[in-house]
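Each chain carries a letter (A, B, C, D, E and F) given by its place in the written order, and its residues are counted from 1.
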Amino acid sequence: LTTYANLPYVHCLAGKEEEIEKYDIAILGAPFDTGVTARPGARFGPGGIRRGSRRISPESAYDIESGENVFLQWAEIVDCGDAPLTFLDNTIALKQLDKAHEIVSGRTAKSSRSGTPRIVTLGGDHTTTLPALRSVYKKWGKVSVIHFDSHIDTWDPSVLGGGVSHYAGVNHGTFLHIAHEEGLIRNTSIHAGIRAPVVRPKGDRKNDIRCGFEIVKARDIDRLGVAGVIARLTDRVGESPVYISVDIDVLDPAFAPATGTAEVGGWTTRELLSILDGLAGLKVVGADIVEVAPVYDSAGEITVLAAAEVAHSLLGLLVRTPVKAP
Amino acid sequence: LTTYANLPYVHCLAGKEEEIEKYDIAILGAPFDTGVTARPGARFGPGGIRRGSRRISPESAYDIESGENVFLQWAEIVDCGDAPLTFLDNTIALKQLDKAHEIVSGRTAKSSRSGTPRIVTLGGDHTTTLPALRSVYKKWGKVSVIHFDSHIDTWDPSVLGGGVSHYAGVNHGTFLHIAHEEGLIRNTSIHAGIRAPVVRPKGDRKNDIRCGFEIVKARDIDRLGVAGVIARLTDRVGESPVYISVDIDVLDPAFAPATGTAEVGGWTTRELLSILDGLAGLKVVGADIVEVAPVYDSAGEITVLAAAEVAHSLLGLLVRTPVKAP
Amino acid sequence: LTTYANLPYVHCLAGKEEEIEKYDIAILGAPFDTGVTARPGARFGPGGIRRGSRRISPESAYDIESGENVFLQWAEIVDCGDAPLTFLDNTIALKQLDKAHEIVSGRTAKSSRSGTPRIVTLGGDHTTTLPALRSVYKKWGKVSVIHFDSHIDTWDPSVLGGGVSHYAGVNHGTFLHIAHEEGLIRNTSIHAGIRAPVVRPKGDRKNDIRCGFEIVKARDIDRLGVAGVIARLTDRVGESPVYISVDIDVLDPAFAPATGTAEVGGWTTRELLSILDGLAGLKVVGADIVEVAPVYDSAGEITVLAAAEVAHSLLGLLVRTPVKAP
Amino acid sequence: LTTYANLPYVHCLAGKEEEIEKYDIAILGAPFDTGVTARPGARFGPGGIRRGSRRISPESAYDIESGENVFLQWAEIVDCGDAPLTFLDNTIALKQLDKAHEIVSGRTAKSSRSGTPRIVTLGGDHTTTLPALRSVYKKWGKVSVIHFDSHIDTWDPSVLGGGVSHYAGVNHGTFLHIAHEEGLIRNTSIHAGIRAPVVRPKGDRKNDIRCGFEIVKARDIDRLGVAGVIARLTDRVGESPVYISVDIDVLDPAFAPATGTAEVGGWTTRELLSILDGLAGLKVVGADIVEVAPVYDSAGEITVLAAAEVAHSLLGLLVRTPVKAP
Amino acid sequence: LTTYANLPYVHCLAGKEEEIEKYDIAILGAPFDTGVTARPGARFGPGGIRRGSRRISPESAYDIESGENVFLQWAEIVDCGDAPLTFLDNTIALKQLDKAHEIVSGRTAKSSRSGTPRIVTLGGDHTTTLPALRSVYKKWGKVSVIHFDSHIDTWDPSVLGGGVSHYAGVNHGTFLHIAHEEGLIRNTSIHAGIRAPVVRPKGDRKNDIRCGFEIVKARDIDRLGVAGVIARLTDRVGESPVYISVDIDVLDPAFAPATGTAEVGGWTTRELLSILDGLAGLKVVGADIVEVAPVYDSAGEITVLAAAEVAHSLLGLLVRTPVKAP
Amino acid sequence: LTTYANLPYVHCLAGKEEEIEKYDIAILGAPFDTGVTARPGARFGPGGIRRGSRRISPESAYDIESGENVFLQWAEIVDCGDAPLTFLDNTIALKQLDKAHEIVSGRTAKSSRSGTPRIVTLGGDHTTTLPALRSVYKKWGKVSVIHFDSHIDTWDPSVLGGGVSHYAGVNHGTFLHIAHEEGLIRNTSIHAGIRAPVVRPKGDRKNDIRCGFEIVKARDIDRLGVAGVIARLTDRVGESPVYISVDIDVLDPAFAPATGTAEVGGWTTRELLSILDGLAGLKVVGADIVEVAPVYDSAGEITVLAAAEVAHSLLGLLVRTPVKAP
């Protein structure tokens, strides 16, 4: 009854053969948080982000900046609810999420502009991006990743996870490494907002480059300005298909306290939204907003409000540029 | 016992004929929040702002920037307590507030510099600005409004309120429209900090212009700077009498979570206070700080601290420029 | 079991003659908050800052900006726990803290680079800086103080404390005055981030100058930029030995709500950390982070996260520049 | 997507002629809180109670006391979502709620055991009980009301509402008076858990009796025991059709802080649930749980957990005794 | 503007010779918390308790149990605001409080029934009871103390305070010892609700007896019942003048989390209020409710609601039995 | 630096051959919460319980009820800190915890009264009890379990965990089933405080009996009284060695909101502690207090205060009755 932005709920996760309403862009919740190393709680992120969006009304959401209403253009945008994920076995849960992505993106889109439905995932911890990347790879091939985060998340599983088991190695700090190993992402990816320390003096950064990433550090914005950051990101990914992943911890904890691995010294919500809006025109084939752990929010619900607006901005990018699957 | 800034309490709301202590500037609480569309709670705003001001001491509040003490100049500043307002009938409550303004502003000022007492209202939801505008109109004629807010608040009642009844049409998003319809405000008004979406693609903005408003959007500050925003505001209102209304939601929720209709991507408290202080010299005939709903505040009470300082800055503007009623 | 940044605990406060592990830089908690004029609670600051640092791991804390790991260079950094301080008699408590500093700094350092252990104190209210200054004075002579705060803290005890007793005059707003009177600090000291009002129109600032301080006001950063602030600070103290004291209330309450005397309109955490890191090269002989009162923090623990990172940055300055005691 | 107890959502509020899934018992949210005299916020009650019920699973909710699963017996129980109610005009909102009840209860029940669907309303402030009583009256005639509350709620509108207007007189403290005036309730009604003061020394109680109520006061339970309270309630209403209304403030604020008009000295959740379960066998034709204002809840969400279990117990009573409409 | 129970504010603390309105019972705030050994914050207790009482209206507070309105009988009850107490020197602060009591109780009462005004103090930490006992001693001679607390508070200053100084020995755990030493209390005093551990195996209890106290332990209520506890208390004090001191920590933290030294396993609010009401008829010459530290309260403000009702009950005892000073 | 009850920290987890201080009873933290089905966060339980115990001082903790000081009798009680457990692989983590128990209980006790050190575990989610049971089994053979909980926790893994994998089947609701399957527990075990629903109408209870359990339901206390509950528990386990496991959710959420799977209608802290103390004399060979998830606590920290006192009571039982290993 509480959907993202009061959008219509569609039972996208019904069996493939079942007749359901068509859509172009799908909101999908991924309630999963057992891949975290610090504070858990992102399993309640999808519900929290939806609550944070409850004042958005699709009929009356004309942006005061752009003059446009994301929800009333060519694209049918719907909320598919949450993927059913077990909290008790990460291996199973990630397979369940792989499957959910396959079903949701596997249907025929409503509009002929895109053909293939695109998905905005509401996390869940950052591990949930891995199934999303697998899913976009199958439809669009390798993607450039624009990764907003205070952490690089390309750690080698032997470094983050302690090498105690393969199971432990699949987590919210290694999923980008794994995505690279699985051949899902391009060598034209880029991090934005990084400020957390790394584990090895040189090895982590070397591996990060190997995984295809450049870095815009959090404080770089003071030198480059918002426009400069936008230029760095758009130049990097160029014409390639792009996946945008926003770890809410890219924001300073003052703006987004409700996250598991908060790092001080981050960006403001105004900066982040300006940057996101500045990515208009990129060929975005999928996106997510993750690591929202509502129990750490303030009474004013500031994190979920910010996350809801990040999702709104991501939807704007998808609507702005329809992308045909090859 | 807790007055704003530990100022003396004066029973300004006593019968007109009653002898009370004289004053030049009056703080007046307006505990009202039944004109809101989202989170209620601003009925406890006046008490909250007073608590947020408890460390201000009129005898020892010499500003480190300006070197001046607002409370120890020509003007007698007092706290009149709260207007008695029912929570159970908006029509009655707004009449009660009309009456309170009439009584408080109707007495003879202490100093000959102004003649007429001016009022700084502590809201209450934004609907409470309407009686304030009616009150200043009676004394000073039409005013220019400088309206700090994330929302335009000039919505046509048929658009915001749903047209279900006249009663429903008088609310915190339509009061500026109504003020215009009642002929209270000039065509030289201006919004500052706007970022919330509008309901109609063109109609809302057209009506906004008709109501006399230009707009400084929230992100404009990144281009104009604080000084540029100040210039836009002061140029717009010129020599006209000015009413300044500050909806605390002009701030980003990180700085002011305790409000009903929080919008992310707003200004910082440092930006807002710098802008307010930059308005020195304008002929301010009344002002308010509204939409503070303390229950949504953090344990550190950051919203009420910010609101108390906004009120402090507004008082500074009133003290700086005495305005003789015509 | 929870030490700052998971550093080894050393029982530094054991009798002078007792054999303990050697160290170069000591973290020392000062649980004291009965010298405050507003909200108490900083007695739980040391524990709070340690909790805020629990994700820092000395083995894997390579800074993404500088590429260095503060904890794995020449200096042995340890956590000495808290000084045992009574909450029931300030005079006794400050003597206990004098003694703790004497013992902790009185041992032979591990490395020959410095000879004398240096201390980073975790407050505690700001009064706890006084024993720290007495301690550094004994080892290094008079120091320049770089004092990050929204308040000047050089008030004359007769002004702050009300002159009711000598006991009342020793508090978190007068300790810098007292430090000057005791001859501990140089005439080349400087405040940074000041914005709170003063008690007397001219007397406070005159006395402040007499105590050796210049001022960088909070809003000066909008004119000077981060680099300009750094220049002001480093120019001021020059080659002299420096003590850096960070009152967490230098930050805006949005970034650090958990403090006793919060003042709106302050710096962001990103600004503060950039400034601190910009002080690299100064001869820092001691430092502290004070006025953290965790009960006022948000559920996301944003203040203690910020304070932990301030301490991290301070440690960086100490490690960067070993200082030989004369 | 979050329904009460993960029950199926049915679009009961669709037009009367629309074909929808049949049901026997309907959960209906009533987001309304502008009839309150103290703390607002119950407009978010329905969503809060649903969140509090999210761990209940209809397939696996076999009660450890009774051995039964309320959800898997003869009755089809569904969640109809929230009635669409304006926050800006009480008169309109209550008509909207009248209409919602009419539609939801107006359909043919799934099972032949009852014929008429029964409704459990999730409030909303207590005013929302008035439309519910109007609705049951139309189907079953006059009902006895078992009213769990710390307040009597039979105040004369001229006493509560101040007599300022008819509009103001319809509120959460007068709805039972109005229900009596409208001839909806029997002279065999009873309050349970009363402890709040009354406004008039004798008049309120006299009027209360006139409205058909006896009283079990909060402290009476110390004398009567749970069994004694049950006996008082069941004896009072006998064989008549019964409406059960539970104002969550019947609980002590320790058990239910999240309410608008909390009164200390109340019952524990264990006492309340034992009493409710003890009413098995009564002919309950409708029920509600109201005055849940989630923003006042603790981080552990204790109030919404209690409210969800109250609703669960109420459903048990409805399932236990099917009631044929005359 | 927020007085206890919306009672009239009277400037009782004006100079003795000043003409003010007469009263029989005075509410007096004692904002002091620097005598505590655990969590501070009770300095904000008086304001918190007043907020907790804001729904009490003296004109319409007819008790549903007793049928009486405490505020509308023979006694004029007023709120005198807070005694001006320094936070920076306990010795001075307690003298300031001595003086405040002297002034407030030193005026002529309004009614001839008592002659001497009686005071209900809103603490403040428990040390504030000492000046209250000195004050009642001067008017009525030695009193029996009924002391509701989880702690005995008769500790020898050398035991609690550590013997480090005389100053440290005057605190919230020793004030009853000191009161005994000063000859203020009778050998017919009694504790109620005790459950916290003692410091010495036998010495503390021996000293406690010497100070004149018997004990009703917290769990004794399970054996005695409420009536039995009442009997123990009333039997103990008999016809002597009685001072009732309620440390809010007598309640279980579930009912009163907002206190400095919370002890689990305590009484419920219903139990405490029933016991207090059961003391009707005693010759109560003074009373207090202390150790309320609002920052630890839940969002629902449950502690201050409970404390406000405790004060209400205490007022009832004072009104019920006027006591002529000898 | 924060140990349980300020007890000495001993590095019990050092290599078996390492020389460390001897002890009789060890506190051991088990920071693990990835075996939960609802709200996570118990990984921070050990730290939280230690903070909740910070006011307990071993030198001065003479119980007011029993007159004894648990910490100053024959047994050396120490805090061993936390077992190092990965959050990223339950299988590994439980092995790590098995090992920690083996090491800690494998050393020679200090006193000859017991020979084998006994352990009180601070959870962690309830899964952490499984390694504890394995550990006691190795020393003392099969034990009777007294299991305080609102849930039975003997679910068949195929029922709780969904049968999706063996990994998922090992969780906080199945560990007692597994313990039975592993032959660790006797057929003379008993639950206390049960009230949560079961998943299967008959199967769960049948399986529960098969696992060796009787049930005292939460509401049984209203019939049996505290003494009756004690009798049921002690009769059931008789002379057998006993393991006591306390899931904090046995308390009502009003008393212990900070837990993952809160169930309303539970026991009060006073009831629970009275029952625990009533078990004196049983041959307790190990115990734990689990499922404390501090982030859900109120500002007053009521859950960790209760949990700390539960641990205190458990220590009392261990000290009261030394048990020789066979």
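The definition used in the following text is that a residue touches a chain if its C-beta (ideal position, glycine included) is under 8 Å from a C-beta of that chain, and two chains touch if they have at least 3 such contacts.
Everything quoted here is computed from the prediction, not taken from an experiment.
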{"item": "Fraction-based call for chain F against chain E, same above half, different below", "value": "different"}
{"item": "Centre distance in Å when chain D and chain E are each reduced to the mean of their C-alpha atoms", "value": "39"}
{"item": "Separation of mean Cα positions, chain E and chain A [Å, integer]", "value": "57"}
{"item": "Contacts with two or more other chains, residues of chain A listed in rising order", "value": "252, 254, 268, 295-296, 298-299"}
{"item": "Contact pairs between chains, per stated definition", "value": "A-B, A-C, A-D, A-F, B-C, B-D, B-E, C-E, C-F, D-E, D-F, E-F"}
{"item": "Interface residues, chain F side, partner chain A - complex", "value": "33-37, 39-41, 43-44, 86-89, 91-92, 161-162, 164-165, 167-169, 171, 295-296"}
{"item": "Touching residues on chain C, where the partner in the complex is chain F", "value": "1-3, 9, 29, 47, 50-51, 79, 81-82, 295, 299"}
{"item": "Complex interface listing, chain A residues touching chain C", "value": "38, 152, 194-201, 204, 215, 217-219, 222, 252-254, 257-259, 261-266, 268, 295-298, 303"}
{"item": "Of chain F, residues touching chain E in the complex", "value": "55-56, 60-65, 67, 69, 226, 252, 254-255, 268-270, 273-274, 298-302, 305-306, 309"}
